[in-house]
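The same chain A turns up in both complexes below, where it pairs with chain B and then with chain C.
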Partner chain A sequence: MSYAVELINISKSFGNVRAVRNVSLQIRKNEFFSLLGPSGCGKTTTLRIIAGLEEPDSGVVKLDGKDVTYVPTHKRNIGMVFQTLALFPHMDVYDNIAFGLRMRNYPESEIRKRVKEMLEIVRLSGLEHRRIHQLSGGQRQRVALARALIVQPAVLLLDEPLGALDLKIRQHMMVELKRVQREVGTTFIYVTHDQSEAMVMSDRIAIMKDGVIQQIGEPYEIYMKPRNKFVATFIGDAINMIEGDYLEPGIVATSLGQIKTIASDEYFGKRVIVAIRPEKVLIGSEVTGDVDNVFEGTVSMTIFRGAFIEYRVMLGHDIEFIVFKPHVGSSAPLLTPGSSVKIGWNRDSGIILVE
Partner chain B sequence: MSIIDIIRRGKKLKLFIFIGIPMIYLLIFFFIPFLIAFLYSLGMFKQVVYQYVFVPEPSLEYYSGLMKFPGIFKSIQRSFYYASLTTLGTFLISYPLTYYIGVKLEEKYRDLAVLIIFTPFWINFLLRVYAMRFILHEAGMINLILRLIGIISEPIKFLGTDTAVIIVMIYSYLIFMVLPLYGVLEKLDVELLEAAATLGATPFKAFIKITLPLSLPGILAGSLLVFIPAVGEFVIPELVGGPNTTTLGTIIYSFFLRVRGVTGWGIGSAAALIYIVLILVASYVYMKFVGGEVRLG
Partner chain C sequence: MKLVDKLLKIYTFGILGLIYVPIVVLIVFSFNESKSKVVFTGFTLENYYRLVGNFRVWESFYNSIWIGVVVTVVSVLLAILMAYGITRYEFRGKTIIDSLVLVPIIIPEIVEALTLLVFLVILGIDLSPYTIIIGHVAFDVSFAYVVIKARMVGYDPQYEEAARTLGADELRAFTKVTLPILAPGIIAASLIAFLESYDDFIKTFFTRPAGFMTLPVYIWNMASRRGFPLDLNALATFVVALALIFAYIRNRVGKGVYL
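What follows is the complex of A and B.
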């Protein structure tokens, strides 16, 4: 089976800005694939190259196994939801959604039927004769989605479609998008700078920085096994890091002393970073005698975050650890700032990163 | 309290400044002269030596006088013919031009490009029209070029013909079409065209379904700005035309400034009123026809 979308060594520069560098991607059919990275990292450019709105300087674009690198946009079977939505201001909801079918010369009776179905899928029934400026942000979002989906594209490209929405609506739309994707069974390529959006919706995520793909993987994999410091910090709420030298198997020498880690020859003799997710750090009475790494610290801040408690713990003078503790069923009093506390983690909770 | 504060506080004063003053201006310089011309055309206002006399009974004498004027209907027809071709010509030249500048050209060069289109219009209107006379003359540039490349052997006589009048009118009215078109095309969101392409629209279809409807307000404004004054044009037919290029404008002009007197002004006013009525009807029909399509979000 061929891939829905395949990019082979794609590069694109604007003047002396190298927006996309040697990007290769293989996106499977019916996959919800996210391109995640900070603003300016080349996500939109990559998406526009897939859509044919931008021509790559080098490399090959394949859709469903066919080389389309020089095929114009209107002949590629893709749909796109633009960051600005780009709804047609001179048409109502119905005409916006019907546009793609009209371009394909469908009979009006068929168009009416399909638009009606699509309005149900995106839950906009009854609004077909509203003008675009009479809709709320979330409704416009749905119109853009419906307009792109109605032509049953092989691939739907979405460029930060939820960026402009309020948090609550955004969370709601994330679930909706996932539902729609399952309902229509189409490959989605979703561009975002928001790691939580990507984590919630994606089957796989590609993380980009400065035009280069840093890592591709499932959300779990990327979270648990980030390949470098950038990915580790970009994904997840927070991560604790300590620099050191990997001198002996399973031991990193740091300013805090020796830290026990998993053993791997590939780091031997290198400067590495040991990274630990805040929820993997044990604190207070959880730190028992058989924990691999134990350190004494001072609580510098206690933050009630709702679903969990965040502690900031100073180890030595300049290393601050972030610790997340769920409080379900625990009636233990909060640790107060200023109190001494033990923290620790087991060697398999630590991730070893090279810069 | 300073005068600024007084203005700021007084709601009525503000209303007066922003609405009242323009209204008074329009009243004095537009509606009252219009009323005077209207009364003149009906013979209700007359100058006797140095006194103006109001005659309370309207008569259609000047209108019938105008209708009996030889070639009047032909001239009215010609005015509309010139104005229509001028509107069409300015549109056909301006649209591709402003599309290129407003949509395709890099943003930083746009103002410069518009400025360049404007440069000829910094020169006095009469000078420009005279320059066009030289260009169109039998010994002028156009004939010279045509002869040099061997298309013609005898010079073509442009001056005095409809062609000369229309060419010069298109040239003179061009910016009135360029500006409103540039206004809408410069604001055109190119992403809408890209969106259309992702939905399967060829560039041509995207143009018909997106670009054209979104530029309708500009087309409407531009064509009214060109058409209305072009119907009343009298200088260009006088300067580059001849006996066969008489328009409604030149008739009004000659009644007011050549015939003069009570009769000249009376018939001139009647012609001016007919002009206004025809323009109103034409604009109304046009706006109903094209303007009905204009719906903007």
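What follows is the complex of A and C.
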């Protein structure tokens, strides 16, 4: 089986800036794949290379198994939703959506039928003859999606299309995008700097930094097993980290003392970071006798976050731990800043990262 | 009403009067029976009949129009290409070219006209309607360029990229998307270019072959003749009417602008 999109050792520089470095990706058919990273990480350039809007300095782009590295954009069977949406202001909704089919010289009767179907899929029926400036942000989004999808592209490229929308509409559009993707059964490649967008919608995510792919995996995998410090901090709300030496199997010597971790020969004798997600840290009465790592600390801050409570706990005088405690059952009284408290975690909650 | 408001009102009407009273007087006396420009003795269309029967008027009007159209087409095409190049590409000397194009707007027309004439003489090119066209294009391009470039600067190249991802080759992306979006700017530039040419006297006068007249040149000829005939009032009225039609078209086009 060939991949929907395959990039082999793609590199691209703009002047002295190496925007994309040796990127290789294999994106499966009908996959919702996200390229996630901070601005300037090369994700948009990668997308534009797939679209043929940029030519790579080296490497190969394959669509559906065919080498298209030097095939012009209009001959690649792709669709693209731009960050600015780029809806044609001189056309109404219908003409915008019909554009791709007109370029392919479809008969008008066929175009009418397909546009009607497409409007139903994106739930815009009845707005055919609206002008673009008469639409709301969410509606424009749908027009852009419909316009790109109507030509039945082998792959749909989306460049941060939800950036301009406010939070509620964005959350709604995320679910909508996922629904449309299932309904049309097309490969989606989604570029974003917003990890929550990527986590909600993606089958797999590639995390990029400085033009290099840091990790590729399912949202769960990336969250639970980040490969390096960058991925660990970029994904998720927060993460606690303690540096130390991996001296013997399952034991890391840190400034807090020995920390029990999973045993693996891989890290033996190395300087490592033990990383623990805030929700994995037990606090107060949760810390029972059989918890692997237990430390005494002082609450420095208590923040009510709605769905959970965030505690900042000082261990020693320079390590601050962030702890998320969901309020389950009857509400226990909040720990007040200044009170001393025990925190702890089990050895398999600690993620080991090598610099 | 406050005193300031009153003064402002007087000032405003004063200015408008300064502009329009002479024109109204000119129009009124174009219907005057006697040859007087001071006393209105009675209504007549005599001056207009004479004008309509005057072959030279029609000829010079026709010359003005066709020269204006050719000049407009050439200058607008050149201006589109130039604005496209300047806004889309990076190259050495870009800023210099960008400012050089605008120089003809600033330098006195008489200087331009004279240098052009000298230049034509040196090259041994005989004066003809085409030398008038060259002269007009040389500054009309600048006006058209300013207007079109302003529109292009606000044009997001992503429209064109979007068209390409939808299957349009570069030519179709340009004709189906870029050009229509730039259309209001192009139409405005065309009107300005045409009016600049249609209205031009100095350059035409310097670069025209003997006996060849455009409307402004004909009016000047007529005015410099002794007596200053009332035909001139009728002709000027006709020119004003034409200008009003242009202004109307311009406003209508302006209403169709999207974005």
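The rule is short, and it goes like this: the second predicted complex is superposed on the first by the 354 of 355 C-alpha atoms of A that agree within 3 Å, B and C clash if a C-alpha of one lies under 4 Å from a C-alpha of the other, contacts with A are read in each partner's own complex, and residues count from 1 in each chain.
Keep in mind that, in the parts below, contacts are C-beta pairs under 8 Å (C-beta built on N, C-alpha and C of every residue); 3 or more make two chains touch, one makes a residue touch a chain.
From a predicted model like this one, the values you see are computed outputs, not experimental measurements.
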Superposition on chain A - do chain B and chain C clash or fit: clash
First, second, both or neither for A:350, with chain B first and chain C second: neither
Which of chain B and chain C A:131 touches, first, second, both or neither: both
Which of chain B and chain C A:72 touches, first, second, both or neither: both
Contacts of A:88 with chain B and chain C, given as first, second, both or neither: both
Partner chain(s) touched by A:148 [first = chain B, second = chain C, both, neither]: both
Identified clashing stretch of chain B versus chain C [2-10, 110-118 or 146-154]: 110-118
Contacts on chain A seen with chain B and repeated with chain C across the two complexes: 51, 53, 72-74, 78-80, 82, 84, 86-90, 99-100, 103-104, 131, 133, 147-148, 151, 157
Residues of chain C that touch chain A when the two form their complex: 156, 158-159, 161-169, 172-173, 176-177, 180-181, 183, 258-259
Complex contact set, residues of chain A against chain B: 51-53, 72-74, 78-80, 82, 84, 86-90, 99-100, 103-104, 131-133, 147-148, 151, 157
Residues on chain A engaged by chain C in the complex (per definition of touch): 51, 53, 72-74, 78-80, 82-84, 86-90, 99-100, 103-104, 131, 133, 147-148, 151, 157
Residue ranges of chain B touching chain A (in the complex, touch as defined): 189, 191-192, 194-203, 205, 209-210, 213-214, 295-297
